[in-house]
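Both of the next two complexes hold chain A, though its partner changes from chain B to chain C.
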Partner chain A sequence: MEKAKIILTKMYEVFKRSPQLHFVFVGIVLIIIGRIVVSGSSHTNINILAEVVIYAVVALGLNLLLGFSGLVSLSTAAFMGITTNSMYVFMVDYEISFLMAALMAMIICGLLGLIVGLLSLKMEGIYLGIATLFIGHITIRVIEAFDIFARGNLRRFPQITYFFDFQRSILIRDQRIDLYTLVVIAMVLMFIVIYNIFKSPTGRSLMAISRSQHAALAMGISVRKYRLLAFVIATTVASFGGVLHVAYFQTTGASGKWGLGLSLIILSVVVIGGMKSFHGMLLGSFIIIGIPALYLRDIPFLSGFDDILTGLLIVLVILFYPYGAMQIGYDLKKLYYKAKAKYKARVVKRDE
Partner chain B sequence: MSKKPLLSLENVSMNFGGLKAVDNLSFTINEKEIIGLIGPNGAGKTTVFNCVTQFYKQYTGNISYVNRDDETVDLKNYKVTQIASLGIARTFQNIELIPDLSILDNVLIGAFNQYQTNVIAHIFRTPKMRQQEKEIKQKAENILERLNILHLKDFYVAGQPYGILKKVELARALITNPRLIILDEPAAGLNDRETDELEALVYQIRDDFDTTVLLIEHDMGLVMNICDRVVAINFGKFLAYDTPLNIQKNHHVQEAYLGKDE
Partner chain C sequence: MHGVHQLFNGVKKIMSNVIQVLFNSLRLGSIVALATLGIVLIFRTSRATNFAQGTIGTFNAFIAAYFSIRVGLSVWTSMLIALVTAFIMGVVIDKLFIRPAAKANPVSKQILTLGIILILVGIMNSSIGFLNTVFPSVTVRPQPFFTTEMQILGARVGHNTLFIFGLTIFLMAVIFFVIQKTRWGLATRATASNEPIARLMGVPTKTITMFSWAIAAMLAAIAGISLAPGPGIDVNLLLGVQISAFFAAVFGGFSTFFGPVVAAYLLGFAISLGAFVFSTMGGSAVFAEILVYTLVLVILYFKPFGLFGKPPVRKV
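Presenting the complex of A and B:
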């Protein structure tokens, strides 16, 4: 019994010190929630949960750009669209395996990210935002112009073999939870990858080029190289989000889905969740994508106005939590300690 | 004391559209010296620093430097990002730190050139990367300890007092293994006690870290106390280059600071 206690406290200490394990823990909790949702009566809600997880990953990629490197991009969703459509071409027209197609799509997006990055060497701030906005727009138009992309119409993937002979279909209720688990595992891996980058010389260099270019240059950090790198990583992560969309929903998504609207939603996930926050991306994604879809739509007389409510919610969060919704956690902690101190003081008084 | 030259400027001029910020300036710094660069406001002191560290590339004239292999090189052939690996480190007049990183992480940014790992290694946290990170962290902690701010290493830079920030910038410059350290107004904004501490620190930098020091300073007391020799300039033009005592007596310098007797 004593031994077990010692082992448990040791495990807790290791857990406390390793943020990577926190992501694993969150992943396990998400999978458990998914299982509960699937076994309940409103089992289609699992699709919304999957969407929340996917956009948390994409938002984290954008966060690397916005929060760490101080660069803005409004073409995040377009890169997801490129990925889903090119994966369809690779997998259905050329019969390439899922993993290989995903890898190829991510490489393509990484290269496109390099081109956007080159633009960022010449412009900053709002001008960069406008330029990326049009890159996104052009991308959608290109997808809509070619027959090979079915002119931007939604297409459903036939049976996907993910790896070895792992085959699941979203159309079958019992198989959805397996797909959801896959998406959550991918999310945890991506969170760990980005966290490792953040805590490495690369992450510090990205912070340096955005906070103080002079200091970065004087220390030998090339601003150009790291701006390009930031864009390549961010677009590759966005593309990874596209891969997850294909993996779970098994459709390409209509071209209209990948426009500016979605890019702005992803941007607001970053703002609401908090710049430079990791768990905040999940919270932000849940607030912006999860809450309207799960709760607001069900209130009868509000069903048409859920977008307005989402907007109000965003304004409220920005007003009261300008550094992101993760601050709510700190406030709760503060309240807890205050209540604890009060309770202790009362106990001491009574004892006297 | 050795008298080997380390850095020499020959007829360096820098124009900002019509305005001559630096005008035909020449002087040589020897190894292990502490050199002050003084002059009234707008004399072009920081411009000289920016030319040496290659932030400005359009200067005319020649800036030569003796590198680690005892070869004399023309600094113009190097990019601004290569200057740090040559052994020239600098601090800034207005503090240039990353506010939302810890003090230790800020110092680690200075060690950028010493990492031999790439992004892929960083993503997977390879053993080599972890080993290197550990070694460099140790080195950074040693430097912070010598500057007496090790206990603050995990605090964010934002919100720290000015004196601490100056020290962090110094630590960041020191971790680059500098041979020449360029300080842009190190005493600006410091109180008297901190200025005294800085004096001891500059000697410590020269002796413990084996470097040459070039500093811009307005605090004449400090300059006269610690510098071996002082370069005085005004409106970009060379006035005098001598020991502090002689500089004080030099009537060109007196004129520049106090005005001409009519």
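Presenting the complex of A and C:
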């Protein structure tokens, strides 16, 4: 008994110290929630949960750029669109396997990220933001111009073989949970990878650049190199989000979907969730994408107001929690401790 | 002699085609110029990138269409009413959303304007009786200001296009005059260059910012009303204009007021001409946009603060 207690406390200590294990824990919780949802009456909600998870991953990539290096990108969604469309061409027209096609699409997006990075060496702030918008807009127009991309129309992938002989279809209700599990596992892996990047010398250098470029330069950090790297990583992660979109929804998505609107939504996930926050991305994604689709639409009195409420939610969070919704947790903790202290003081007073 | 005549005729035909393209691009160029001026005004005075400019314009274009089609007022009266609502809207947005978030960072302010977009789109998509009559879910197509046409240098030009162009130029002239020559303009420029210092010097920066939002909203409303008769009003009326306006603002340079306006016309003309050339050669008109924007990106690489912009002075 005593031994078990020691082992448990030791395990708890390890868990407390290792954020990687936190991500795994969150992943397990998400999978359990998914299993509960999918066996319930409103089983299509699993699609929304998958969307929340996918955009949490994309937002984390953008967070690396925005929170850790202070650079803005307004074409995150466009990179997802490029990935889905190029994967369709690779997989259906050239019959390349899923993993290989995903890798190639991510490399293409990484190269595009390099171009954005080159522009970022010259530009700052909103100029840079709109330059990235240019690149996204141009690539989406390219997709709309050529027939091999079906001029940007939505296309459904035929049966996808993910790896070995793992084949699932989103159209079959019982197989959705497997796809969802796949997406959640990918999310956990991506969170761990980005966390490790953040903790590595690369991440520290990015952080230094975001605080003060001049100080970073003086410490011998090559601003050019790390800016390029930040954009390449961010676009590759956005592309990974596109791969997850293909993996779960098995469509390319119409080209109109991947415009400025969705990029802004992803940006708002980062801002609402809190810059430099990891779990905040899931929270932000849930607030922006999950809550309107899961709850607001079902309340009869509020149906039709979901857009307004999402807008109000965004405005309120920015006005009252400028550092992200994760701050709410700290505030609640503070309130709890305050109440506790008050209660204790009262008890002491009464005893006297 | 015959050959010379033929050549002359050919040149004349090409010229008249180019002039036709020029006039065709004037209308959209003017609309983009109006939108971009509003964006620059807001960016300079409250350090916010206004993504909601297009949505504000669409909202008020709906109101103008409601008064001209449903109520039966003239096009001019309904435009005046829409301008008043736009003014009020600008003030309300500044008071409710922008002013309280003065301390937020620029990215948060961008997202704030996304929140405004969502709220406005939600109102426009609403199916409640009263809102549904003002913002119907079917596309409404209001009357243009003029329906007559005239002939200039062999090209057919609508009076409507000329009116919109004239109105834009007039508004630009007024705004430039106010900004450059009056006390009010001096206060605006002071706020634009350094808000805290301007406040310390006694400039009423809050009022300046508020009026900038109101004027930007009115410019957006005019843009929306001018565009509406062509494609008809739906929620995404000014979406393309909004993006073009951003491109024009960056291409011309955010740090000047006239650069973005010139860039708006330049981009509009280049894309129309490119589309004309591509379609006569049998290609797709989309390639014109791709080509022009790629060219702009290359230019921006060498002139990162726009054609007319100056790099900001940075102190360590």
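Everything below uses one rule, namely that the second predicted complex is superposed on the first by the 336 of 352 C-alpha atoms of A that agree within 3 Å, B and C clash if a C-alpha of one lies under 4 Å from a C-alpha of the other, contacts with A are read in each partner's own complex, and residues count from 1 in each chain.
Just so it is clear, contacts are C-beta pairs under 8 Å (C-beta built on N, C-alpha and C of every residue); 3 or more make two chains touch, one makes a residue touch a chain.
Bear in mind that the values here come from a model prediction, so they are computed numbers and not experimental data.
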I'd like to know which partner A:R141 touches here: chain B for first, chain C for second, both or neither. second
Determine, under the contact definition given at the top, whether A:A218 touches first (chain B), second (chain C), both, or neither. first
Scan A:L118 for contacts with chain B and chain C and give back first, second, both or neither. second
Examine A:P201 and indicate which partner it touches, taking first as chain B and second as chain C; both and neither are also allowed. first
For A:V315 in the superposed arrangement: first (chain B), second (chain C), both or neither? second
Let me test your reading of the model: by the given contact rule, A:F15 touches which partner, first (chain B), second (chain C), both or neither? neither
Partner chain in contact with A:F25 - chain B first, chain C second, else both or neither: neither
In the overlay, work out which of chain B or chain C sits against more residues of chain A. C
Pick one for A:Y343: touches chain B only (first), chain C only (second), both, or neither. neither
Shared chain A footprint, chain B vs chain C, residue numbers 214
Provide the residue numbers of chain A that touch chain C in the complex, in ascending order. 66, 72, 118-119, 122-127, 129-131, 133-135, 137-138, 141-142, 144-145, 214, 259-260, 264-265, 267-268, 271-272, 304-315, 318-319, 322
Mind listing the chain A positions that touch chain B in their complex? 193, 196-197, 200-205, 207-208, 211-212, 214-222, 229, 276
Considering only the defined contacts, which chain B positions touch chain A in the complex? 53, 55, 80-85, 89-90, 92, 96-101, 105, 108-113, 115, 117, 119, 122-125, 129, 133, 172, 176
Which residues of chain C touch chain A once you look at their complex with the stated criterion? 43, 49, 51, 97, 100-101, 103-108, 110-112, 114-123, 125-128, 239, 242-243, 246-247, 249-250, 254, 284, 286-287, 289-290, 293-294, 296-297, 300-301, 304-306, 312, 316
